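By letter and in written order, the chains are A, B and C; residue numbering begins at 1 in each of them.
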Amino acid sequence: MKKYLRVWWKMSSMSLMAQVSHPLGSLGFFLGKIVRVAFFFAFIIAIFRHVKSLAGYSLEETALFFLTFNIVDISAQILFRGIYNARRAVTEGDFDFYLIQPCPALFRLSLTTFDFLDALTLLPVLGVTLGILHHLSASIFSLRLLLYLLLTLNAVAIASSFHIFVAGLAVRTQELENTIWIYRDIMFMGRFPIEVYGPMFQLVLTFVVPIAVMTTFPVRAFLGLLSWEWIAYSFFLSITLLGFSFWFWENSVRQYTSSSS
Amino acid sequence: MNAISVNSLQKEYQVFNRKPGLWGSLGSVFWREWNNIKAVDSISFQIGEGELVGFLGANGAGKTTTLKILSGLLTPTSGSVEILGFKPWRREREFQKRISLVMGQRTQLWWEIPAQETFRLNQAVYGLSDKDYQESLGELVEMLELKDYLAVPVKKLSLGQRMRAELAAALLHRPKILLLDEPTLGLDVVMQKKVREFILDYNKRWKASILLTSHNMDDLTALCRRVLILEKGKLIYDGNLEGLVRRYAENKIIRIVFDGDVPASQIAAIGGTVDSQKTSMWVSVPRAEISKKAALLLSSFPVADLTIEEPSVDEIVRKIFSKS
Amino acid sequence: MKKYLRAYLISLQETLQRRSSFVMDRLGGIAVMLSLYYFWKTLLWGHPSFLGYSYSQMLTYVLGMNILRSFALTGRGWELVGEISSGKISSYLVRPMNYHGYALALDLSQKTVHLFAALLEIGALLIFFHPPFYWPKSITAFFLFVGALMMASLLFFFLEFLVSSLAFWTSESGGPLFFFEIFIQFAAGAFFPLNVLPRLIQKGLSFSPFPYLVFLPINIYLGRVSRGQALQDLFISGVWAVVFGAASVWVWRKGLSIYSAEGG
C-alpha cells in the first residue's frame, strides 16, 4: 500500500512538472473546466429567477443534482485520466513497460497522468455542495447524508467500471480510443435530474446506461425520495459492473500477452 | 547454473482480420476471424550466468517475439521457459525485479521532464531504498557519463544521450537478466562504442546475463562470443562467431597483389567473384578448389604476394540475413 | 480555385470514411440536444412562454442549436493544433497555396457533412417526438437566417483558427483551444438562449462577436428580430469576420516566423 502511494505521488508530481513546462496550455484546460461548471451553475440559478421549480425540484435541489453530477464526473476523471491515453500507451509501447515492471499495469495506466488541476476544480464544487447539503437538512449528521455519501461513492465506482472497461478495450483492440467519449457524451444527460426526461429515457438511463443511478439517486436518497429497493439495486449494479470490468481487464491483458505482436 | 533456460519454445500468433469502422471494431471484440502465424518454432537454448549472447536474424525471424516472451510480455503457445527459476509470463513481482528490457526504438522516459524524475519513479516502482538507489544511480551516472544531462528535459536530449539515460532507467534495480532489442539503433559511431563499452562493463561488474539483438555487426563482434541465429522462427545456429564463419562460409578469399596491371576479366576466368583495386584483387573460390586455383594463379600471372583469407563475419551474417 | 475545390472533395470523402470519429461527434451533439430539449420541455410545462419565447420557439431554439453547432461551431482546430505541434504543418507550407484557403475548404467539407447529419437528426426527432416546431413566418426571415448562418460559420472559422494558432506559442498543447471551445458554447448561446443570463452579462456579450455565432441567427429564424435589425446584425457580424480574419492571418504569420526561427 505504502509503495503504491509512493508510486502514485511520484507520478502525480511528475505530471505536474510536465504541466508546468507549458503553463499557458495547462491554464487553458484548467479555466475551461472551471468555466464549464460555473456557467452551468449560473444558468441554473438564472433559470430559477423565472420559474419556481424544475420537475418538482427547488433551486437548491436542482443545484444539488448538478453538483453531484460534477463530483462524480470530476472524481472519475481524476482517477482515470490516463485512460484517455490508453490507446496511445498501448501502441507506443509504454504499456509494455507497465507490464514488465513490478507494479499493477492498470494502476500505472490510469494514474499515470493524475491531474492536480482537476483536483483543484473539485474543491469549489465540494464547497458549494456542502453548503447546499447544510441548507437542505436540519442536522449535518443523518442517515440521509450517509446514504448520499455512499451512493455518490457508488456512482464513482460505476464510473470507474466504465473506464476500466474502456481501458480493457484499448488493450484488447488497440483501437477505439473514442469509446470513452461515448461515455462522456451520454454523461451530459446526468446534469439534470432524470425526471426531466421522458418515461422511456428514464428507463434507459436507469437500466441500460445507468446515469440515473450515478447522478440522480444520491440526491433522491438525501431528499428521502429513494426506496431501499433502489438503493439495493444501486449497490448491486456497481458491484456487478466493477466485477465485470475487472474480469474484462484481466482477460484483455491475457489476450494481449498471448496475441499481440 | 543456467540463468535462462528455453525448451522447445513455440509461439503462434493468432492474427485476426480487422474489420474497418466502429461497428467492425466493436464486433471484433466478440467474434473474429483468425489466421495462425508461427513466429517462434520449437527453439531451445540455455544461457548461463554472466553470459553475453547475441541474437541474430532477419526482420520477422522471431527475435523480438522471443525477447518479449523472455521478458514476460507474451505467453508462449507451448514449450517451457525458465528464468532464474521463474516462469516469465506469470509476471511475478520477484521475477520483474530481476529483469529488464530495453527497446532501442521505445522509451520509458517521460518526455517533457528531466530523466532523473523517471529514475525516481522507478525507485518507487521497484521499491528501492534511498541508499540502494543513490548507490546504483551514482554508478550508472558515472559509467554512462550522464552527470550533465540528469536535469535536462528528455525532449532536449540527443538520441545518444537519451539512449544512455534509457539504459540507466532500465538498470537502476540492477537486474540480473538484461534483454536488449537493438540498443544501438540510430546512434552515431562514437555513441555506439560508448553504449557497447557500457554493456560489457555492466555484464562484467554484475555477472548479468545479457541477450541482445542487433543489426549492427560491430555490436556482435565487440560484445558476443556466442550468437544465436533465428530464421523464420527456427534456431539455425548456436555457437561462437568463428564457428559461424567455418560453417557458413562456402568460399575462401584469395588476395593477390600483382606486379603491374592485370585485367580483371582474365582473373575472373579462374575464380569466382572478383573485386579489384588497382594492383590488388580479391578472388572468391570454393574451399575444395583453393590450392588448385592458387597454384594456377601463381603460375599464370606476375604475382608479387598471395594470401588466403576467411570471409569476414560481417559478410557471412549479411548473407544469412539476405537469404531469409 | 480548382485546387481548393479538390481539397474540399477529398476531405469530404475522408470525413465520411472516418466514420467512428464522425459518429462519436454526432453522438455528443445528440446527447446535448436531447438533454436540453427535455430540459426546456419540462421547464416550460404549464407556462405559455419563457423570457418571451413561446413553447414552440424555445424547443425550436434547441433544434436550431444543433444546426448551428454542426455548421458554424465545427472546425479542424484540434487537427491544426496537432499539425503545428507535430511539425506536419511545414509540409503544407511548401505547397503553392494559401493555407487559410486550404483550411477553409477542409472546414467546409466537414461542415457540409455535419449539417446533413444534423438535419437528419432533427428530422428523426420531429418524426418520433412530434415537438411543436416553429416554422419561419416569412421566406425573407428564412433567407436572412441562412445568411446569418454563413456569416457565423466564417466568423467561427477565423476565431478558431486564431486560437489554434496559439499552439505555436503554447508548445504542443491545445489548452487555449479547449478553453475557447467551452467558453464559446456558452457565450454564443449554444447551450441556452442568452436572454437567460443577467442583463449586465447580456449587455457585455452584445459588444463581442460571440452572439453572432448561434444566438442571433436562431433569433432571426424565430422572427424575434425585425428585418432591419437582422440586416444590421448581418453587417456587424461581417465586420467581426473581417476583423478576426485579419487578426488570424497576422497571428498565423507571426507564429510561423517563430516556428521557422526555431527550426520546428
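The rule is short, and it goes like this: contacts are C-beta pairs under 8 Å (C-beta built on N, C-alpha and C of every residue); 3 or more make two chains touch, one makes a residue touch a chain.
Predicted model only: the values in this text are computed from it and were never measured.
Averaging Cα atoms per chain gives one point for each, and the point farthest from that of chain B is the centre of C. Here A is the chain whose Cα centre lies closest to the centre of all protein Cα atoms.
Our note on geometry: chain A versus chain B, Cα centroid distance of 46 Å, whole angstroms. Distance between chain centres (mean CA atoms), chain A to chain C: 28 Å. Centre-to-centre separation between chain B and chain C, using Cα means, comes to 54 Å. Those residues of chain B in touch with two or more other chains are numbered 22, 25.
The multi-chain contact residues of chain A, meaning those touching 2 or more other chains, are 21-22, 176, 178.
In chain C, 20, 24 are the positions where the chain touches two or more neighbouring chains simultaneously.
The touching residues of chain A, counted against chain C in their complex, run 21-22, 24-29, 31-33, 35-36, 39-40, 42-43, 46-47, 50-51, 54-55, 176, 178, 181-182, 184-186, 188-189, 191-192, 195-198, 201.
Interface residues of chain A, counted against chain B in their complex, comprise 3, 6-7, 9-11, 14, 17-18, 21-22, 92-94, 96-97, 99-103, 169, 172-173, 175-176, 178, 254, 257-261. Listed in rising order, the residues of chain C touching chain A in the complex are 20-21, 24, 27-28, 30-32, 34-35, 38-39, 42-43, 47, 50-51, 166, 169-183, 186, 191-192, 196-198. Residues 13-15, 22, 25-26, 28-29, 39, 65, 68, 71-75, 77, 89, 91, 93, 96-97, 99-101, 103, 106, 108, 110-113, 117-118, 120-127, 153 of chain B are the ones touching chain A in the complex.
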